Amino acid sequence: MDIGLQLTTEKTGLKIDPRTKIMILITVGIIMMSGKLTGVEYILRIICTFVPFVLLLSVRQFKSAFGYLFILLCVELCEGFIVPKTQGVLNLVIMIICGIISRFGPSYLCGWYVVKSTSVSEFVTAMDKMYFPKVITIPMSVMFRYFPTLKEEYSSIHDAMKMRGIGKTVKNPFVYIEYILVPIMMSTVQIANDLSAASLTKGLGAHKKRTHICDVRMKVFDVMLIVVLIAMLVIFFIF
Amino acid sequence: MQKKFEIKDLITVGVFTALYFVLTFIVACLGFIPIFMAIMPLIAPILVGIPLMLYFSKVKHFGMVLITSVIIAILMFVTGHPYPIFIFCIGAGLLTELVLFLGKYESIKACVIGSSTFSLWILGMTIAFFFSFRESYFASLVDGYGQEYVDKMMSYTPTWMFFAMIAMCLVGGLLGGLLGAGVLKKHFKKAGMV
Amino acid sequence: MIEFKDVTFKYNITDAEGNKKDAVGVKDLNLKINDGEFVVLTGFSGCGKTTIIRLLNGLIPKFYNGELTGEIYIDGKNTMDMTIYDVSEKVGSVFQNPRSQFFNVNTTDEIAFSAENQCIDPEIIKSKIIDTAYSMHIKSLLDRNIFDLSGGEKQMVACAGIDVLSPTIIVLDEPSSNLDHRAIRRLKNILEEWKKQGKTIVIAEHRLFFLKDLADRMIVMEKGEIIKDLNKEEISLLKYKECEDLGLRALSLEDVPIENDSGSKQNYPNDRLEFKDFFFSYKDKKHSVSVPDLSVPCNDVIAIIGHNGAGKSTLVRNICGLEKRNKGSIVYKGKKLSNSERLRNCYMIMQDVNHQLFTESVLDEVMLSMTDRKTDKEEKEAKAKEILDKLSLSDYCDVHPMALSGGQKQRTAIASGIVSGKPIIIFDEPTSGLDLNHMYRVADLIKELKRIGKTVLIITHDYEFILKCCDYVIHMDNGVVTDSYRIDNTSIDRLKKFIEI
């Protein structure tokens, strides 16, 4: 049979194994969180700051990549020019915001990259390969599957409220939240029930290890990346 | 009290963790505005306490809450929060498991207290800010104000802030739990779903 | 071969006060199903057909608690000795509601799911998926986000998953409930293919017309017992009246008579609902609705029909005022309605009624819609109780809406609609999954709404229901109104053509 049919589209851009991505997150997180502003650590911090930019470019997320760069630039300008000129509370607030963005921005953006470039099945397959226990992987799969449903439920309930004129006549915020949350919670219980029944009939819950059609493999590039990342960590801890 | 994990339990963990996470995320986004960031540990648990109570009413054995806390930790880590988040999440999870266990999984009071203890994971999000940020901020102050002043500031701020945040989490969680218990009684018990 | 020996099952249900209620699923059931047989289970809601499905796929007693006596054998093995996992290797299941039966977000992952759980080699799974894609003609459905699919497409994906695993027994629980006629045709093709492959098929259904040629046996149940077991010949001899007496929907849609009220005198025959140069498009610009010129009578019960994705829901949402970015005008009884006026004039009974029930008692729910500040509380209560009485819900005034049955919830929503005083009432698929008698009840309710002067619009796929209570039809395709006519003996052919009878 001619397999001219692609079963799953290859995600555009550079493909990195999910496990390597986790390594990137760990490395960038450690270095950015406790790195000082001097010496070798400073150089490593600068490298880490640009890592998410490169990663986002590699998967063609141009808007996020350049947006990130732009914000970084603004923060640098702030710290350099505006801060010395302000006093008191304003000074404190600006310093806090700039500090947070420059220190935690790279980690967050790396996270954004991971979310945008990994499909649910890749993620779950990688977790299985890392021998994460079933009690973690199954709830996580269910969770990803439930997010879009939540959105649909909320939309529908919101429409019903609009249609019935609730929301405009309600002054108490708690009652408003009750009107939205209670139907959502009820449907959560119902869906948990239906989903369990359906999954059981599809054979979920075997004691043997299930197979995956999603192909998650470490390639040469992944190994190289991991070596570089470990080297960065080693340098970080020694100096 | 069942000892084994059934598929139904795992799926319950999955959907409720999803709901909890989404609600927390929505409130956390509000927290980007600096004013709200300070009281976020108080507001978030109040809101998410409601579905949390429903979730606890479905927890009948050890481990489900712990899994939820681990998953939240993983999600937070993958979206960029640094590693201390794991310690706080798992810690809060274990503490909550203990509380629920002592209530024999049937006491509403235990669930309310559990809501309080579970909220402690939020500390993991904000604590990282405080500790690491403090260092570099004060390092830059040394030149301007002198080492003595900086030392005094460093010793003064953290403990006070730290305890304030713990208090906010616990109080917020307690309020959320009470709200949740009210909603459970009003709707879910009446509808026969508990 | 499947064999039930003296099987009795009672569900354990606890009601709101915590008291145990017994609900009988099946009673003293003795049934043999041979390999390759195509068996249709039918009867009133609650007759026990779903219970049999659950007994076959292992959900009873492992998932649904209750007391089970008797024995069930699948291919000689007692199901009590098997885990659900073992059973799932032999029995594939398709459920009624496509929304809550899939585990994955990506269609290809979902199709592979059952096979992956049985630990089949990935390469084999992949090649089987390709085979299924060709044989079921669903290449375009691979590697898509399940949430973007229509109900019919979702059911195709569910069936594809079973096709890949290829178990010997396939059970289906009201799979056609949410499907339009085109999707039902595709389902019928899949069932035909499976029958050719020699699979044993057990299908619980209300909508019987598409099963007439396929069924080897039809078993009619009532209160947990089998009251009729018909073979192929007897099925083909069943007339419309006999089906109706048994409480079954028509086996052949040709025979359904027109029983609506369009002959009766109209109060205001000249009141119209008009669309002029109406246009709406979603942000993705792919789906839009365009009605340049349409005028329908206000006093008729209007059915809106069309295949999934034709734009019916979109049009209705616009009439309701839920969508804002539209152009052109909608004129009701001579008055042009702005978006907010549309919201104030329309009340919609949604397909999932759970989304529009907000309070903790039926009475509160109805009173929630009474937003008139001039009347005081006692008057409101009295009026609400009056309406609830008419809809046979008086005994349920203090019950939580979520504790009601599906039909009762629907009536609660209708009651809220009536007291709101809004003149236009819209129904979205009100008869999904309903048996004959419940469908008749809804039809009567709708005729009553017409009598008190409401304009009723109904989105529906249900041919029998349309003939029972609808007077006028709007036919949509690809976002455009392609036809609109009153239903009578001459125009019925246009309707039949759409249903492809």
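In order of appearance the chains are A, B and C, and numbering begins at 1 in each one.
Here is the rule we use: a contact is a pair of C-beta atoms (placed from the backbone, for glycine too) under 8 Å apart; a residue touches a chain by one contact, two chains touch by 3 or more.
What you see is a predicted model; the values in this text were computed from it and never measured.
Distance from the centre of chain B peaks at C, each centre being the average of the chain's Cα atoms. For the pairs A-C and B-C, the count of C-beta pairs in contact is higher at A-C. With centres defined as mean CA coordinates, chain B is found 19 Å away from chain A.
Between chain A and chain C the centroid-to-centroid distance comes to 38 Å (mean Cα coordinates, whole Å). We define each chain's centre as the mean of its Cα atoms; on that basis chain B and chain C are separated by 41 Å.
Across the assembly, chain A contributes residues 141-142, 144-145, 182, 186, 191, 195-196, 199-200, 204-205 that each touch 2 or more other chains.
Along chain C, residues 63, 402 each make contact with two or more other chains. Annotation for chain B: residues 8, 187, 191, 193 touch two or more other chains. Interface of chain C with chain B (complex): residues 14-16, 63, 360-361, 400-403.
Considering their complex, residues 1, 3, 5-9, 119-121, 141-142, 144-145, 148-149, 152-153, 156-157, 159-166, 169, 179, 182-183, 186-187, 190-191, 194-206, 208-214 of chain A touch chain C.
Against chain A, the residues of chain C that register as touching in their complex are 57-59, 62-63, 84-85, 88-89, 91-93, 95, 97, 99-106, 108-109, 112-122, 125-127, 129-131, 133, 139, 142-143, 145, 147, 161, 317, 320-322, 343-344, 346-348, 350, 352, 354-358, 368-369, 371, 402, 416, 420.
Residues of chain B touching chain C in their complex: 8, 186-187, 189-193. On the side of chain B, the complex with chain A involves touching residues 5-8, 10-19, 21-22, 34, 47, 50-51, 54, 58, 63, 67-68, 70-71, 74, 77-83, 128-129, 132-133, 135-137, 139, 179, 183, 187-188, 191, 193.
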